[in-house]
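Order of writing sets the labels: A, B, C and D. Residues in every chain begin at 1.
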Amino acid sequence: METHLNRLILLMYCPDQKGIIASVTNFIHQHNGNITYIDQYVDRSRDAFFMRMIVEGTSITNDFKTFKNSFVSELGKSFQLKCNFYQEGKIPKMGVFTSKYDHCLYDILTQQRSGKLKCKIPFIISNHIDLEGIALQFDIPFYHIPVTKQNKKVAEEKQLEILKQYEVDFIVLARYMQIVSSKLIDLYPSKIINIHHSFLPAFPGARPYHSAFNRGVKIIGATSHYVTEELDAGPIIEQDITRVSHEHEVADLIDKGQDLERIVLLRGLKLHCDRKIMVYNNKTVVFN
Amino acid sequence: METHLNRLILLMYCPDQKGIIASVTNFIHQHNGNITYIDQYVDRSRDAFFMRMIVEGTSITNDFKTFKNSFVSELGKSFQLKCNFYQEGKIPKMGVFTSKYDHCLYDILTQQRSGKLKCKIPFIISNHIDLEGIALQFDIPFYHIPVTKQNKKVAEEKQLEILKQYEVDFIVLARYMQIVSSKLIDLYPSKIINIHHSFLPAFPGARPYHSAFNRGVKIIGATSHYVTEELDAGPIIEQDITRVSHEHEVADLIDKGQDLERIVLLRGLKLHCDRKIMVYNNKTVVFN
Amino acid sequence: METHLNRLILLMYCPDQKGIIASVTNFIHQHNGNITYIDQYVDRSRDAFFMRMIVEGTSITNDFKTFKNSFVSELGKSFQLKCNFYQEGKIPKMGVFTSKYDHCLYDILTQQRSGKLKCKIPFIISNHIDLEGIALQFDIPFYHIPVTKQNKKVAEEKQLEILKQYEVDFIVLARYMQIVSSKLIDLYPSKIINIHHSFLPAFPGARPYHSAFNRGVKIIGATSHYVTEELDAGPIIEQDITRVSHEHEVADLIDKGQDLERIVLLRGLKLHCDRKIMVYNNKTVVFN
Amino acid sequence: METHLNRLILLMYCPDQKGIIASVTNFIHQHNGNITYIDQYVDRSRDAFFMRMIVEGTSITNDFKTFKNSFVSELGKSFQLKCNFYQEGKIPKMGVFTSKYDHCLYDILTQQRSGKLKCKIPFIISNHIDLEGIALQFDIPFYHIPVTKQNKKVAEEKQLEILKQYEVDFIVLARYMQIVSSKLIDLYPSKIINIHHSFLPAFPGARPYHSAFNRGVKIIGATSHYVTEELDAGPIIEQDITRVSHEHEVADLIDKGQDLERIVLLRGLKLHCDRKIMVYNNKTVVFN
């Protein structure tokens, strides 16, 4: 669970074909690398091959660029390989968007502070002032950017400016109660993580706990997912549920659900920070 | 868990009002009854009161009719009480509808045979011949009634005849792959239990495992519910889920799901047989 | 979920006997009380009766003492009733003991701050200095009382002094890594809540995650319980589990387990603060 | 999920070392094999390497013995590799031991009959006559071998004779209420699967539901495991749990538990039949 600067995480994707595993493992072996982790998945219906590896070896990590280039030139072309390389010690920067609910924000900040969520949090953006005290408490810059029908575009420009200024790698919508624009989604593809307070695809959109209460379900859920153009329809990262009964009123569902939300969002964020997710065909491949 | 002939199960429903619990418990006390179980629920948004009681006492069970009549005349009117009385030892008759899948049918028959599902099973109706061998194996009359677009009405008449002949109290659709008619639903209101192979309201209708696979959910579910006019929208009795991952193909979802289906259907059937369910406002109150 | 000053929570216990529910509900009805919640449980093997009620009615809550006295004198003796009365608005004071781990402490403080854990937190006691920053962050007095073999008695006297000074109602051991003394346990019977990082009674004592790893279990758990003389053997309040596999090393179990610990401890604390727990025969009756 | 005669399952184990994955995948590639599945696990604390592969390719499966021999001679020695080869289409034979409870037996028989449990069941041995009817119902030879203190040795000889006669590959103890002898365990190492009705290591030995009730746990469980000399201490294959409350009496725990037992036992049996388990250091590596 420690973070190693001299370990490399490789996420690969290519059309499925004979010999791909042998070729890749061979290549690394020849470069004096040691594979400490390998996991692969083949989507047979689409003949797609996915692999995640962790590689150790000073000859590789000391000259990371050379390794990367020769990997791409030797294997990339012949296998039509798409590959992402991450140095394990390089911790990503996460921009936080939030509104009025504090439970997800609190969990993000305390888990990050405890070292369990391995990212940097350069700022918090909120369309409400309510949570400024928490930002202060954790000594993180807080940007209050109200969003109204009238100022939507201007507000978004401000958001984008801040995101650029801090050079964030990805964004979390920690119960951010606004629909983000196509522009933002395009700039951060598979890099905006939202928590939806239902077991998607059940109860998309607003007020899912009310809908769940009205439908009389016996189980409620929460879903963390990447944001795409279509509302609440992006690739699902993680879901979990809890049992409810007729005795639980809407307020109880909200209460129980908020515990789910923070757990499910944090699991999603950790998977993303640990480079364990590949997105493909509006679904996630999670190497866990 | 034993079945007592001399115990009475009461399910009550009325507008919520002061003194209702005191009046009912008092009444039973005065008739030398002993309340061995009481559970109640108030739906505050609709001011509705629900109660389930189990009452012992030979003076009550020996002259059940007198007790029932005086209960209804003394309490029924003043509280606008709707009440169902069940003698615990009177075991309900369940008609079984099935098609080709054997997993739910096997579970129903083996659990009933083991005494865990407390009902009688006078017959099995199927629109396919495939499961006749299982009926034979368990020595239960099997009626093969094929259903086509052309013969739908005739087939239904045959079904109704059999249901009447055997005087069934309720019906289970054990993966019966046909939509039952309004007529049948009207004749057995809140008395037809179906198993749907998804976590409703997600993925209603046909082929839910395929839809779940395509959506990339991380959890699949099953739902047992009472059948109403609107497809897969009736009062939910019980739900459960299991985790899946990107590695699971549709065939795996079906495999894992079938384990859920049989468990969730059996739980629903047991609750119904044990008189633990009240239906209200398209939802269930489950005293468990 | 709101807190009402004019609602009364009653927790009752007595030998099981005919007419007890009728008598109590009758009594409250006669005092113009309205029972908004009632739940009862009978331990048949020991003929013990337990009941939790919530009662509204200004005539009761305005003259709480008179009601209480007449309740005790009229019903208490005839039924050998033991009864606790709580005014819903009176929020209990919780003393926090902790050591080095921050995850439970963070959850306690943020949930209390959000209004979800309904108690006051007058201070934090720790045998280590590590978490002082968090106390500071949440503006709560922090007492660093190191405990060694030599100073054990003196340290405990200091703890007791602080507990008395702040008049705490109960104590949480939020991963406090010391065994508390008989004296403290005697002073706070069924009022010290501990979180144990295993699924008790499996793996009591120290280093349960290491033991779980060595045994090769497929599920790990956490348990919140009241502290009694016998280590990790007190009445269990709440438990939960999470799946693990051979792939998880001890560090992974610790990681996954800590998420369980905070959830399970918080659920236990909420049940206690909401007066939903009765302790009896080294077990808990939880009206939830 | 289909069974292929021309697919090979390889389970490998060796000391962890550089280049092992590359060498094995290379070897298969060179023999015109296609790896359709690969999963590996490294136990870092013991430097042990485990791998499961599924290999397709007519040149391999047509001359299985040659492939096997050259695999062992080329890779086996240099890597100190221990390897098991299974042809996917060769279905194992399972001997069934049972006593009086029918729930696990019913599940085994119905799941096998449905094709979900991929094994042959040549006979049922029982120390009680009670379940003979079920054997008859499923048309399977039933051997009633009563076991008493006096006849223990003779009874065991009879059992062994039957096991040999039918050439079983492994044994399931489907709630068999006798302790099996060392001799049997030695003859079938990691080949006897038992279901224990508790969440091991909690409540080993007899009457675990009674112990669970007395301890007041909030969750009960079941464990399927390989049988070893030490009672209920063998390698755990699978576990699952269900929530209980103070309201559940011992009879309820038994009831809920039996649903767990059959699910957990069947999952264990399926994993074993599908060659997904490796046993090592009294733990299981489950490639699932």
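Quick note on the criterion: contacts are C-beta pairs under 8 Å (C-beta built on N, C-alpha and C of every residue); 3 or more make two chains touch, one makes a residue touch a chain.
All figures in this text were calculated on a predicted structure; none of them were measured in a lab.
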- [ ] Tally the contacting C-beta pairs at the B-C interface and at the A-B interface, and name the larger one.
- [x] A-B
Task: Taking each chain's C-alpha mean as its centre, the one farthest from chain A - done: B
Open item on the list: Between chain B and chain C, what distance separates the C-alpha centroids? Give it in angstrom.
Closed with: 38
- [ ] Indicate the whole-number Å distance between the mean C-alpha point of chain A and the mean C-alpha point of chain B.
- [x] 42
TODO: Pull out every residue in chain D that's touching 2 or more other chains.
DONE: 249
TODO: Would you pull the chain D residues touching chain C in the complex into a rising list?
DONE: 41, 43-45, 199-203, 215-219, 221, 235-241, 245-247, 249, 282-286, 288
Task: Residue ranges of chain D touching chain B (in the complex, touch as defined) - done: 1, 102-103, 106-107, 110, 113-114, 116, 137-138, 249, 251-252, 255, 258-259, 263
Task: Residues of chain A that touch chain D when the two form their complex - done: 18-19, 21-22, 25-26, 28-29, 34-40, 42, 243
